[in-house]
Structure formats: C-alpha cells, structure tokens
C-alpha cells in the first residue's frame, strides 16, 4: 500500500523520532511511505481558537494535496481528529465539503491504522521497561480509539504495562489553552503526572505527542525522573 | 400582547429552523419514530427478576441498603404484634395516621393518642407526633421505593413531617419497576390525578457535608415498611 | 479583557495554587465517580437509555410551544395560577407581587438554581421579607453570604470544621466535628421555619405536559415540606424543563439520580399538580407557577446549540470536568458553572462578556461523554469560540494566525523559519521563564522542548 504520512509541525520540529519510527515500522511491514513536503499543519490551532477562515487557508491546501492519497496516516490523535472529524465541520457550506468527507474516510491515526486497517498487532517490538499509558483526548473521544494502543503494547516483548487512575483524564495541553490559561493547564498536568508517578512507571507513553510535550515540560521543570515516549517510538524498538 | 403570547411567539419563531436529532445524521425530524422512544425503557433500566420472590428479595435488598426497615408479616396478628413492639422500642407517645383500613387497624392496635390527617388538621400537633403511619399505592422492587399520593397516604405532610414514617403495604402492591409504577398511576387515577404524588426511596438523607451520608436531614430519619 | 474574564483569571490563579482546595474537590468527586460507575453498571443498557433520553428531550424542546400550552392548560385546570416572565426582572416582580398580596412575613425556600439566576433572595430581602433556604447545602452558603458552589452540591467546598464554626457563629450552637450533629443542628433550626412560613418557594426539575404537573427531586425532604405546609406555594422554573409524558419520568428520574449523584433514585421524587384540591386535607391554598424565559428563547433560536436546553441540571458534566476540578465552582463567577455553564452563559448573559469560559477548556470531551441526554457540550464550546471571533475578532491574534498560514503554506518559507528558530533558541534560554519571554505563557511553569537538530522533513530529504 502507498501510505501518505501526515507529520504535524511539532512532530517535525521537536519529536522527529516519532515520525522516523512510524516510517520504519510501516516500511518493515512492506508498505511504501511518502511524506509530502507541503504538509506541515492541519490548521487546528486557528480552528480551535475560533479563526475558521485562517484555519481554512491552511486546510484547503491539505485537502488538495491529499485528494489522491490512498491512505493518510497521522502521527497524533489531535491532528487525526482535525482531518477526520473537524474538516467536514470546517468546510460545511463550502464547495470543499465533499473533498473533506472523502478525506475523512481515508484518514487514520497511527495505532488505529495498524490494528484496525492493517490487522497488525505484533510489530516485533521489544521494550524492557515499566510504562503507563496516557490517552490523548482527541484520539480517545473524537476518534474513539481505545483498544488499538493497548493491543499493540500488549505484544511488545518484556514490557510492563501499569495502569494509572487518571489515564483517561485530560493532561491539560488543549492546544492554545496551554498558553492562554497556563495555571489551569499546569494544574491539570500536575494531576496527570502525580497519577503516573503513583504507578512507579519509568515512562509515560501516549499516541499523541502534543500531550507528551506538555507532560514532559512539566516533568523536566519539576526535575522528575519519569520520561515520556511516543507509542511509535516503543513499537520501533527491537 | 401578554408575556405568554410574546414568549410563545419567540418559541415558534425560533423553531422555524430545525435542529438535528441527537445521535442521528442531520436531516428532517423523524417524529413518527419518537413514539416508541420509551418502549425499550424496561430493557435498559436495571434488571428486576422474573418472579414475585425475586422481586420481593430485590425490594428487601434495596430497602436495606437505603437503611429502611422492611418486614414481611404473615397476617394482621403479626402486624399488630410488630407495631406494638416497634412502638415500645421507639418510645412513641403520640402517632399520626389517616383513614385507610390498614392504618385504622394500626391506630387501634397501638392505642396511643393520635392526630388524624383526613380533614384539615393542626400542624403544631402533627409536629409533636413521633410517627406517621400511612398506606401506599405501591412498593417498587427496582429501586426499593414506596409510592404514595395525597389520596392514598393522608395528604402531603403525614409521610414527611413526623420523624418516623411507617408504611403498611400489601403483597399485591409490589410492582417490578418504575414503568409499572407509572402505568399504575395512570390506571388508578387518570384523568383526575391527586395534586401530590411522591416516590419515597429510603429515609431522608443528605451528603451536603463532605459527601458523608447523614439520615434524617428534614424528612423522617426512620422509614419502616410492613408488607402484609 | 472585560472584568468577568479578568475575575475568572484572578480566581483561577488563586484556586489552582490552593492545593488543599484542589484535594478536597478531587476527593469528593472521586467518591462520586465510584458510586456513579456502580449505578451505571446496574443499568442493563446505559447507552440506549441515553439515546432515548436525548430523543425525548429533543421532542420536548423542538415542540416546546405545544408542550408548554398543554402543561399550562392542564395545571391551570386544577386551580394553579400560571405566570409568564420574559425577563429576570419580571419574574422577581411577579413573585414579589404574590408575596405582598399574601401578606406574608416569612418565606421558606427549597433549592432552585433558577432563583439564583434571577437573584430572587436579594430582591425579597431588600423588600423586607425573611427568606430561609431549607436545603442544607443552600442553608450553609446562605449563612456565609456566598452563592452555591455546585448546582447539585452547594457546599462541596467546605469542611465540617468550617461548617461547625459557621453554625457556632451564626446559630450559637456548640462546636462539633460530627456531620450528623451538624445536620441535626440545621434540622432543628429549620423545623420551626417550616411550621410558621407563609410562603414556600420551590424550583422544579421537570414540568410534565401530559398531566400538568411539576416534578421535584431531592434527598432531604425540605422541598416536600415547603410544598406541604405554607399556605402559598410558588414554583419558579425555566421554560425548558418540559417533558412530554408522565411516563418519561421512569427514564429520567433514575438517570438524573445516577448521573447527578451516583444514586439509584433520589430520596424524594414528588409531583405537584395544583393547590389543595377539594377533599384534600393539606397543601397550599394557592399554587403559583412562574415560567421563566430570560433569554432561553435566544438559545432556542440557535439551532446548532439548541440541545443545550435539553439539560436536566444533573451536574455530571461539572463533576467530570478537569477544569472544574481544579478551579472549583465559584471561579466561574456566574450561576451555572462547569461545561454547561460555559456553553449557555454566553447566550443568557452576552457572548462577548462570557466567551472566556468557552476558551478556558482543553475540549477534552469528558463532559459530552458524561451527559445523560447527549448534549454536544464540548463542540458547543468550540462553536462559541467561532461565534465570538466572527462577531469581534482579536486583531493581533487574527494577524498571527494569518501569518502562520502564510508561512506554513510555503514549504521554502517554513524551512527558512525553522533555521531562524534554531538560531534564536540559545537566545531564548536567556529570557526563558521570565516576564519578557514571549513564550512566558508556557515557560512560567514548564520547560520548552528543544528543537531537534535535524527536523523530520530534513531527515526525510537527506534520506533520498
């Protein structure tokens, strides 16, 4: 299959290893991967802040570049939700609505793609560490992705998966929210970090790197030893 | 133009634009389907068991969890005995009741000074009663509730002002679930419903202080249900 | 920034730093969650129940004029006087009029968020009437001269110690650390009030169109007493409280109890269809129902957000909201807090003044998941943001997004910007975390990640 990877700007700039891991995993499974240079942002920041015209200015390019893509795989649940769920909203009452609906049917978040679309649960990974899983809210509630990450993690050799009480509670990132209401965002992050610490895990793993950026930022500032890692990075380790 | 007309006018104006049905793709309203929206209620609410024994056991379990006392009594003699025992244990000096056949029996057997609530009464005297004894319309197994109305239970205050509410029910009054209770109300009273109907589920309670359960907030602290 | 938004920020800053308060709320709501999960699990099919409840409320609200007319004609047939109030001021005047006409001296009140909304107690007290809140939580916050903290649990933010001190100060009772004793103190204080009040004022959870009755849900019994003893009863309710049929309650009462408090059924669910009828021995001589609009018809006219009127005021969305859990109910600064409050307050009190509540959310969606009638809460917050920007965009922010789109749409420009950012990064560490840091919003409490020495796109390019 020819897979088009959508790599959002923060993965590109800050966590390239996440995208590199995705490429490695998909190629090992025998697929061709392409990463269009033109795709760098899904337009969610402007969309979430209510600036839908400015969001459309970016999204319309995404739509046209992905018109012929067979399968679009997205590195994060939040961008995945933007493409799959919110583009039809954004383009309602415009000539681009059909294109948006079509893209929606061809877009997948990474873990969902592996398990649901490809039927793959074991990618031959090995990661000997204690980890606890954090659900990104967009992936969990907009895309309904609950089982795929767990299925994938359950097949990783030597991993120890611990449950945290607040696994499904928002970490407090929320995009621009993190900068507009930093005190609330931080408080929410503190609850998440405390819950993860209770498990004794060495790593907090998630399928959304924007969450991890925020959580890691807090952990580093507080000098905690718990590390964050993206699901794709674990799955790429052998 | 009255406020009524203005408000209804604004509502009609607002509703000229349709809103999508929940959980359905946006489109024209499917009003015809709504009629059976509640037909499945019984299948979604908590299960209630098939037999009378199951339901009785469920009612007893629920009532106990709610801290209500539930006693199955074989006949009038046993009912009378238990009432007198309860009265002695609780130290009742004055009771209140209404003119239902069973509650009149209770009043006679207890032989205490009493207030009646069948006709307008002195609230100050009712307030001094240690127990309010009423009949009921139904017992509901699904929730451990007692269904009363102003007509079946001696008015609005009798079952809520005295600190101990005693209900005397009959076996046949045990219903499986809430849908059955609403069916009963309709069958028994429509179209001339009592002005007061109440589902009583346990003694009065509050969790307003640190979410800690305390009984007897304003209504009765104790609820005792006798089932004949 | 308007004053409401500034207040919200100030309070948020204070409360998020108050670890004691945060722990108190998280603990209380943690207990609620456990009980709620148990009750949900007892349902044979909670999700189908939600769908049915959503559909019934859709019918109620989308045929509101018909149902309201039916409700009114049936409740009037039994001697109830129905009043219609377009505004809060009208509602206050109507109630003041009834109270004056009845020559009342003391008023007992059971819990009614709608009364909070119109600031009824204030108006009655200014007119010289004594108003006593009978719900324990409301009684407590009334003594503290505070608004309720939560729509279902008004005193959730207080410890027993604080309540004991309050009672000692205001009622002269002996200090105690027992919740039971504190409750009995309130019970004794209020008992006399029930017996002597001339007027009882209640709210309502539902208004049944089919049979012309209002339905009141409570645990304590104070509303039942308020509806039984005083000679005049007034019930204030929003027009959206309508339910089409009596039997709909078979679904709504257990769902309200489960979602709202983790109970199978609330202790007292009572229906009132009129004043004391001929042949009845007690009950009010006069029964007045005041129907309140107060801009609900404006929300109704917004077809996209109309389902916000389906709300049954259970409080489930407040309980699961991570923002609510960290800033608490008073921070919102308005009657209806939490997600539902953030959605409807712009409609009831003005979009530009209250849009900040819709922004103060990470859009996690826990509220929408919890709502027993499937209101699309978190998407409505997004829509409020869009609407407020369309009405009045923030020019700098708009420009910033325009600029961002300009750069990101041009791969060569984006690549250039990346190089520039790498150059700036070491400079940034000089101002990081300080007031002049442009990224202060982030860096005041968190570290910024370092830019990778080679971005993914650069890796991909090199690979070829």
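A, B and C are the chain letters, set down in written order, and residue numbers restart from 1 in every chain.
Everything below uses one rule, namely that a contact is a pair of C-beta atoms (placed from the backbone, for glycine too) under 8 Å apart; a residue touches a chain by one contact, two chains touch by 3 or more.
Fair warning: this is a prediction, and the values are worked out from it, not measured in the lab.
**Q** Pick the pair with more C-beta contacts: A-C or B-C?
**A** Between the two chain pairs, B-C has more contacting C-beta pairs.
**Q** Quick check for the class: compute each chain's Cα centroid; which one is farthest from the centroid of chain B?
**A** Taking each chain's C-alpha mean as its centre, the farthest from chain B is A.
**Q** Using mean CA coordinates as chain centres, what's the chain A-chain B distance in Å?
**A** One centre to the other, that is 51 Å.
**Q** Just curious, how far off is chain C from chain A if you go by their C-alpha centres, in Å?
**A** 32
**Q** Compute the distance, rounded to whole Å, between the mean C-alpha positions of chain B and chain C.
**A** 28
**Q** Please name which positions on chain A make contact with chain C in the complex.
**A** 7, 9, 11-17, 19-20, 23, 35, 37-38, 40-41, 43, 45-46, 48-52, 54-55, 57-58, 61, 137, 140-142, 168-170, 172-175, 177-189, 191, 213-214, 216-218, 220-221
**Q** Show which residues of chain B lie in contact with chain C when the two form their complex.
**A** 2-4, 6-8, 10-15, 17-19, 21-23, 29, 31, 34, 37-38, 40-41, 43-47, 62, 117-121, 123-124, 127, 142-145, 150-151, 154-157, 160-161, 177-179, 181-183, 185-186, 190, 193-212, 214, 216-220
**Q** Residues of chain C touching chain A in their complex?
**A** It is residues 9, 12-13, 16-17, 22, 26, 322-323, 325-327, 359-366, 368-369, 382, 385-390, 393, 397-398, 401-402, 404-405, 408-409, 411, 414, 418, 421, 439, 441-442, 444-452, 454-457, 459-461 of chain C that touch chain A.
**Q** For a test of understanding, state which residues of chain C touch chain B in their complex under the given definition.
**A** 28, 31-32, 42-46, 48-49, 51-52, 54-56, 58-59, 61-65, 68-69, 72, 78, 84-86, 90, 134-137, 140, 153-156, 158-160, 163, 179-180, 182-184, 186-187, 190-191, 194-195, 211, 213, 219-222, 224-225, 227-229, 239, 245-251, 253-254, 261, 264-277, 280-283, 291, 293, 297, 300-301, 303-304, 306-307, 310, 373-374
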